[in-house]
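Remarks on the structure that follows.
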Amino acid sequence: MIEKLIFGYLATAIIGLSILVITRRNPVHSVVLMLILFFHIAVLYLTLNAEFLAAIQIIIYAGAVLVLFLFVILLLNLKEELVVERFVGIWPLGLSAAIAFAIMMILSTTSFVKGPEGNIGVDIIKSETNTRVLGKVLFTDYLYPFEILSVVLLVAIIGAIVLTKRRLKS
Amino acid sequence: MVPLNWYIWLSGALFIIGMAGFLMRRNIIIMFISIELMLNAVNISLVSFGNFLKDMAGQVLTLFVIAVAAAEAAIGLGIIIALFRNKATVHVDEMNEMKG
Amino acid sequence: MKEIIMPDLGPMIPEITLLCLALFALVVDLLIKKKEVVAVIGIISAVIVGYLLTGSSGEVFSGMFISDNYSLFFKVIFLLSLSLSILLSIRYVRIERVNFGEYYSLMLFSTLGMMIMASAGDLIVLYLGLELMALSTYILAGFIRHEVRSNEAALKYFLLGAFASAFLLYGISMTYGLTGTTDLKAIADYLINNNIGVNPALILSMLLLLVAMSFKIAAVPFHMWAPDVYEGAPTPITAFMSVGPKAAGFAVLGRVFTTAFSSLTIEWTTVIIPIAILTMAVGNILAISQNNIKRMLAYSSIAHAGYALIGVITGNLDGISSMMNYLFIYAFMNIGAFAIVTILKSEGFAGEEISDYEGLAKTHPLAAGLMLIFMFSLTGIPPTAGFIGKFYLFMSAVKAGYTWLAVVAVIFSAISAYFYLRVVMYMYMREPKAEVSLSTSMPSGIAIAIAALAVLILGIFPSGIIEFARMAVMR
Amino acid sequence: MEPGYPVLSTLIFLPVAGAVLLLLIKRTQEGLLKWSALLISVVEFILSMPLFTGFDKSTHQMQFLERYEWIPSWGITYHIGLDGISVLFVLLSTLITILCVTISWNSIKVKVKEFYIAILLMEGAMIGVFSSLDFFLFYIFWEAMLIPMYLLIGVWGGPNRVYAAIKFFLYTLVGSVLMLVGIIVLYFEAGKTFDILEMMKRTYPYQVQFWLFWAFFAAFAVKVPMFPVHTWLPDAHTEAPTAGSVILAAILIKMGAYGFLRFSLPLFPDATKAMTVPMLVLSVIAIIYGAIVCLAQTDLKRLIAYSSVSHMGFVTLGIFALNSQGIEGGIIQMINHGIVTGALFLCVGIIYDRTHSRQIRDYGGLATVLPVYAAFFMVFTLASIGLPGLNGFIGEFLIILGGFKAVKWAGVLAATGIIIGAAYMLWLYQRVFFMETNEKVQGLNDMDLREVITLMPLMALVLWIGVYPNTFLSFMHASVENLLQRLGNQGMQPQNISDVLGGPVVDLARNVLEVIR
Amino acid sequence: MDKYVLIPLLPLIAFFINIIFGRKIFREKAHWISTLAVLSSWVISVITLSEVVNGKVINRDIYTWIISGNFSVSVGFLIDQLTAVMLIVVTTVSSLVHIYSIGYMHGDKGYYRFFSYLSLFTFSMLMLVMANNFLQLYFGWEAVGLCSYLLIGFWYEKKSASDAGKKAFIVNRFGDFGFGLGVILVFLTFGTLHYAPVFGGVQGIVGRTINILGYDVDLITLMALLLFCGAVGKSAQIPLHVWLPDAMEGPTPVSALIHAATMVTAGVFMVARCNPIFNLSEIAMDVVAITGAVTALFAATIALVQRDIKRIIAYSTVSQLGYMFLACGVGAYSAGIFHLYTHAFFKALLFLGAGSVMHAMAGELDIKKMGGLKKYMPVTYWTFLLASLSISGVPGLAGFFSKDEILWRTYSSGSLGQVLFVLGAITALLTAFYSFRIIYVAFHGSFRGTHEQEHHLHESPKVMTMPLVILAIGAIASGWVGIPPLLGDIIGLEHSDRFGEFLAPVFGGHHPSEGSHSEEILVMTLSIAAGILGILISASMYLRKTDLPERIGQRFSSIYKLLWNKYYVDELYDFIIVRPTLWIANNVIVGVTDGKIIEGLVNGVPAAIGRFSQWLRRVQTGLVHQYATVMAIGAFIIVVIALLWR
């Protein structure tokens, strides 16, 4: 029961915060609300036996991504944002698309059937700690995607540099 | 025990909200944030699936998603900055030089 | 402590080599002023990797990486598009004043991503390969930073691409939840053994995957980014994008839908049929009213995705191999067409309007003649390769009982003649307005020559490529 | 009898090789370009002579066969050969090409190199179409021809050439692509072969025949052109340069009718027999409609173009009469029409070079100014209106005979076309050659030697076929008889009026219903 | 190869030589080769005639012309009595016209052309009469039509001339339409087109019917009528007579040769040739007879008021051709051919005489502007007078014998025949009237033309008058081979009707006339009386009371106008055929079906696609949100489709 209450709180907070995030006029407010949202998601991860991910969520999202966002927002100097229209002209269409999508998702996920269970249950995670189990899996079964990820990140670095840093040749 | 479907719906709700934000907001940063919301929605479902299926793949995938999201953020913001240098606007609906 | 066995990386050698060479190119870029060297490295990489491809087959990482004939075929397409695009770029990037070494290494990385996609036996790998490819292409699309159109292209591509990959991820996650695995074969086994084919959640997740792939191949209604991005991106990159990522999308589509979701064939064909028809319709019809040749070619490439989808619709091996054959041929003719667009660009002259082609046959008869070949090939007029491609597609459609679909497709391909011929008409039947100087160079010349020869030779002696495509789908 | 070299392959690829050769010549050396093109076409013609002399007329079997594997996985072979139906068209093609080269000698002034390349490529493709015995190969040539023709019309044509070129291309393409699907369906029906001879060994279910007949009809009818898909022809003919019009009239539009003979009739005999009445109705409409519309034309080439619609109506009438007179008449009429209309276009080209006008009202009294030209034109005019003793009569008579034999009203109505035919051609001749000399044509030079030489072969053929058509008819007897045997009877029984009026519609509706059901 | 081949071949060779070399090489000497060729043909024809008279009939194929399936037709010759007569008529008149033309066409810039056309015509006409099958007949038929076209339009710079040539050809095509179908019907019935088997087998198909538009029609009748269509066209019978008067635009020798003596009689020849077919169909025979009689009267009435000398003679020709058909229609083929034969002489003479007058008058045709020519050109006058007497049926001259035979045979053929006889008799009167109207108006009285013309008046040169004289002899004497037995008995000839006997093998035996002598005498008297009366009325009106014609014209002005305008037939055709056809061509086909419907569709569909394309472009707004929204909606829709499809 207590789990459900916690979930209830988290879910309400996540949804409420996310709606606030997308409706705030001031992007800085959005980012700050987003930060709070990320914390809630991290907590949710904890309830799902994913301590490592909870930590990563905070470290990467809150610590890196959102800071980057803030940095860019400040760089771009967004004073006019406070006075101009928030939504695009066709927002009703977008909203209806989203609502339609939502209805469709609800309808189709009611019949959701869980797949076959694996062998890494809560007990194993508890005994070995989440990080270790994750690490083991990551560096054995998922070594290959992990390596690809490293290339992705490399590309991201190159990209960020290419797009922003270098001056043009004359 | 919280039923799995609750998580799915939470994830779905977050996905939809992110999608709505993406479809409605003019500000490029907010759109970007909306995408992050959508990815987080996916992450929630992945982690919960992992938990319910007693499998680590969900968490591993979440990890990858977070990393890729970071990479995307880096590139996306780079593009925004590059664009901002040429055209001082963050409103995506003003970027319609090419159409038709 | 489990003993960790180092897997046999043999089948992956091409990818590993490509990665190493890409990194090498990055390093070289730092050391050498003359960026053409990087380009040469890029081409050499393509050649080496192409050579290495021949010996590689097998599965690594418990089926996450599958090197089979199927992936091999697509990798050949990727490497072709890579090398041809690099050849086109050498002069172009100088003209656009973006002659940086990263350009080439990003192309290599993007190709690596595609290769990973084609070989992916697991949805996670697929996702990461796709992101690797996509992120590199976003950057490449926006590579001309001082050009607002390029920025805009990158931004649009990026935003919509990220949006689409959110769909992909959601689909992957649902699939994972439903089947407990991300391995394609395991998914297939689970679905067949447990017979949950009609579960709406499964269909939803499958179709969300389809949305993401449709986005990559620019199928209607997920195509709308393509014209804008193609128009804004540097032309060689447009050529690259119109072939590589599209082929990668098809590679994934073919593998995922015929492997993982083979038990749902009826469901996904039901959906892909209207998508294919719409794609052909929108691509061909919108191309008619374009004035910018890159945009026109963008719509044309949308339409071509529609044709290729016919092969997927048939759902059988013949169909898939006709789709692959088509993409192979399409690679040559489309890059060939973009190559001409590329060499028309010179300092201070965009050369992107169709009207810029007025009288080209008089001022530059060779270029006009080659463009003519590419245009007719894109239309699908024999004896060019485009005809062979379409012919194979229609054959497999008829064989699978989709004769009516073949009729629809041929009618759209007749409509397409209108806008392809418009280019020919401008070149041959109008008087030149202004002096157009071509920025030809040896590399671009080589690229065009390869494309043109391939278009003609594959058109007249298609036996080899057909056999190759058939072999590629043999399991 | 057959020569020791692969004569057909040589004929197909010599012009292509010639085109490549021209590609290598500098575009400034126009003289060399022209002479090379002429040389190639003449050599080609000489090389085609063995077809005429060495053809075994006693058999319907394919001759001059060549067969090589091409795309084995689809069962596609490079299979070529000729029978009595196709051999004459190959010969006509090689002849006409020479004339096209000579007639363009001075009139083509821009992009000379491309022009002759296009002509030579056309020739190769045309011969390929007539000699293909593999459907895939056939389709390749069939479509490949569109490219040079599109350019011929669009680049060297008249003021409205672009519209005409695109119209021509799209019109024919739409028809052809439907045939393409038909070919593929047939491929699977025939047990995965594209070999026409293999396909002909089978019989197909009626529903398959029915749909395929219409699919093929789409391609062939456009090419012929049959009513109501004829409107590309006036534009294309009118705007094309002389050589283009000549090739169009002489060879290209024959391919539609040839297609009916080669494919529709033997492959879909039941559907053909069922569809005879609609086909005859369309043919008769084309004859009369095409003739009447000529009366309203003010443009020389346009008039001749519409007359082609009428004349080709005779051809299709003959073919769908499904008896030996009709079919042989149809074939010989195709040859005749090729010669005569080709010659008329050459004639118009000759005068157009001098005056740069195609308007009839700009002429008058030419007989005084250019008597030799007038004489040539007169002969071709008379041949066109079917004067006995000239070639047009042989075809038209046999066709009307065949048509009358098959369905009386068709023969009767077709014969009315001859009356109108005389009216419009003679009226044309009067307006151009008779009456007061128009000041616009005052002082023009008569034909020079080159032009006379260009027209002489056609003139000779007009008389030859008119006086002794058996030289040519004898080629086709065996093949036509075989074709009729394949059709299973010696033509249709005469029908009465109720079938005629309601027949086509009812038949069509019934078939559609049947097939849908 | 035997000599008969040479008969048509020589003129053909002459044609080719003249047309190719005439313009540059022969020029003024172009007549030599043509004239020599036709004279040689004449000589061979005479030899042939003598052979035929001795009972030789030649039927020979030269080569097979067309083979297709079971259809096979040859080029060959059938030389029997009928052909022999025609050969003589054709080559004789043709030779004389050739000679005449040397003078008449002298100095014309198309001199070589004229003679080559004449040669071509001679060839064609000979092919026509010598044919041994229907298709070759058809060949000759069309070929003479062509020559007629070329020669009528010889002075092509004149619009009226080229119009007339075209008209002749096209009107003939209407007839040939039927003729061609008739030939086809013959083939489909008999499986061959050769005369011998067809005529031999025609008895076997009596009573067979053929289904036309749901009605059963007698096969032979249909066949005969279709063939007769051709004759109507070629021989200018109602309703296809309109081309012949206009054909007078051609040079006068041409009118004499083609439009009087030879070509226009081809129809008669053909009907006579096909007599085995016609004989078996009552209806067809009656149609032929009625058409002939009505045409005879009809044309004669028009001729009464015309002022153009050549047109009067042309209508006279139409009228006389009507007589010939009348004869054929009542089964008196030999009488028809006899009239054909005599008519060739006197009508050619009339035309050549008219030509001579024109030559003198510098091309003037209006008889009102002539007058008193008698003293200027006596040879012309006397020969013309002889011809007129002959055509009027003055006893002893050629015309008398043939016309009398026709009238008598008509009268004696039954009740219909008696009605037609009345028409024929009236026509005879009218014929005499208008023939002498020319004589009186043009040759008597005083000259009414301009002074210049008067100054120019002269007798024609020898080369022109010589043929006139020869023809005049023919106009007098040619009838003597066909003297009716009645008269023959009187003057004590053993073989009086030698002509009829000679032709008897062709027409299935010689049928001596039925009916009593008294009736025959009555008919003969009537016909003579009609002729004399006509001459007298004419004389009184044009010699004595010269104001009378004017008064009559005013009194019966509506009839006069009707006749003057030739019963408005041309206008009628213009109104019901030419204008509607052109209207349909211009307004319906070009304007609506081709212009609006087909082209509307052909251009409209691409245009619609283009407009749709332009419209669709606006969907592509360049707005990322919109793109994404479309993606979302698209995703939604495909899922809905997949879920609902099952």
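Here the chain labels run A, B, C, D and E in written order, and each chain numbers its own residues starting at 1.
We adopt the following convention: a residue touches a chain if its C-beta (ideal position, glycine included) is under 8 Å from a C-beta of that chain, and two chains touch if they have at least 3 such contacts.
Note that this is a predicted model, so its numbers are computed, not measured.
Q: Using direct touches as single steps, what is the fewest number of steps from chain B over to chain D?
A: 2
Q: What's the minimum number of touch steps needed to get from chain B to chain E?
A: 1
Q: Could you work out which chain's C-alpha centre is the most distant one from the centre of chain E?
A: With centres defined by C-alpha atoms, farthest from chain E sits A.
Q: Two chains share more C-beta contact pairs than any other pair here; which two are they?
A: The largest set of C-beta contacts joins the chains A-B.
Q: Could you name the chain whose CA centroid falls nearest to the centroid of all protein CA atoms?
A: D
Q: Centroid of chain B to centroid of chain C, CA atoms only: how many Å?
A: Chain centroid spacing, chain B to chain C, equals 26 Å.
Q: Taking the mean of the CA coordinates per chain, how far is chain A from chain E in Å?
A: 103
Q: How big is the gap, in whole Å, between where the Cα atoms of chain A centre and where those of chain C centre?
A: Whole-Å distance between the two chain centres: 30.
Q: Can you check how far apart chain C and chain E are, centre to centre, with Cα atoms defining each centre and the answer in Å?
A: It comes to 78 Å between the two C-alpha centres.
Q: At which residue positions does chain A touch at least two other chains?
A: As it turns out, chain A has residues touching two or more other chains at 88, 91, 93-94, 97-98, 101, 104-105, 108-110, 112, 114-118, 141-142, 145, 149, 152, 155-156, 159, 162-163.
Q: Residues of chain E that touch two or more other chains: which are they?
A: Correct list: 606, 617, 620, 622-626, 628-629, 632-633, 635, 639, 643.
Q: By residue number and range, which residues of chain C touch two or more other chains?
A: 124, 128, 131, 135, 138-139, 142, 145-146, 154-156, 159, 163, 174, 176-177, 180-181, 200, 203-204, 227-228, 289, 418
Q: Please list, in label order, each pair of chains that touches.
A: A-B, A-C, A-E, B-C, B-E, C-D, C-E, D-E
Q: In the complex, go through chain C and note every residue touching chain E.
A: 155-156, 159-160, 163-164, 167, 198, 200, 203-204, 207-208, 210-211, 215, 220-222, 224-225, 227-228, 267-268, 270-271, 274-275, 282, 285-289, 415, 418
Q: With touch defined as at the start, can you tell me which chain B residues reach chain E in the complex?
A: Where chain B meets chain E, its residues are 19, 22-24, 26, 31, 92-93, 95-100.
Q: Under the touch definition given earlier, write down the residues of chain C that touch chain A in their complex.
A: These residues of chain C touch chain A: 2, 4, 19, 26, 60-62, 64-65, 97, 99-100, 102, 105-106, 109, 112, 116, 122, 124-125, 128-129, 131-132, 135-136, 138-139, 142-143, 145-146, 154, 174, 176-181, 190, 196, 199-201, 203-204.
Q: Residue numbers of chain B touching chain A in their complex, please.
A: The contact residues of chain B facing chain A are 1-2, 4-10, 12-27, 29-30, 32-34, 36-37, 40, 43-44, 47-48, 50-57, 59-60, 62-64, 66-75, 77-82, 84, 90-93.
Q: If you look only at chain A, which of its residues touch chain B in the complex?
A: Residue positions touching the partner: 3-4, 7, 11, 14-15, 18-19, 21-22, 24, 27, 30-31, 34, 37-38, 41, 44-45, 47-50, 52-53, 56-57, 60-61, 64-65, 68-69, 72-73, 75-76, 78, 81, 84-89, 91, 93-95, 97-99, 101-102, 105-106, 109-110, 112, 114-122, 130, 133-134, 137-138, 141-142, 145-146, 149, 152-153, 155-157, 159-160, 162-164.
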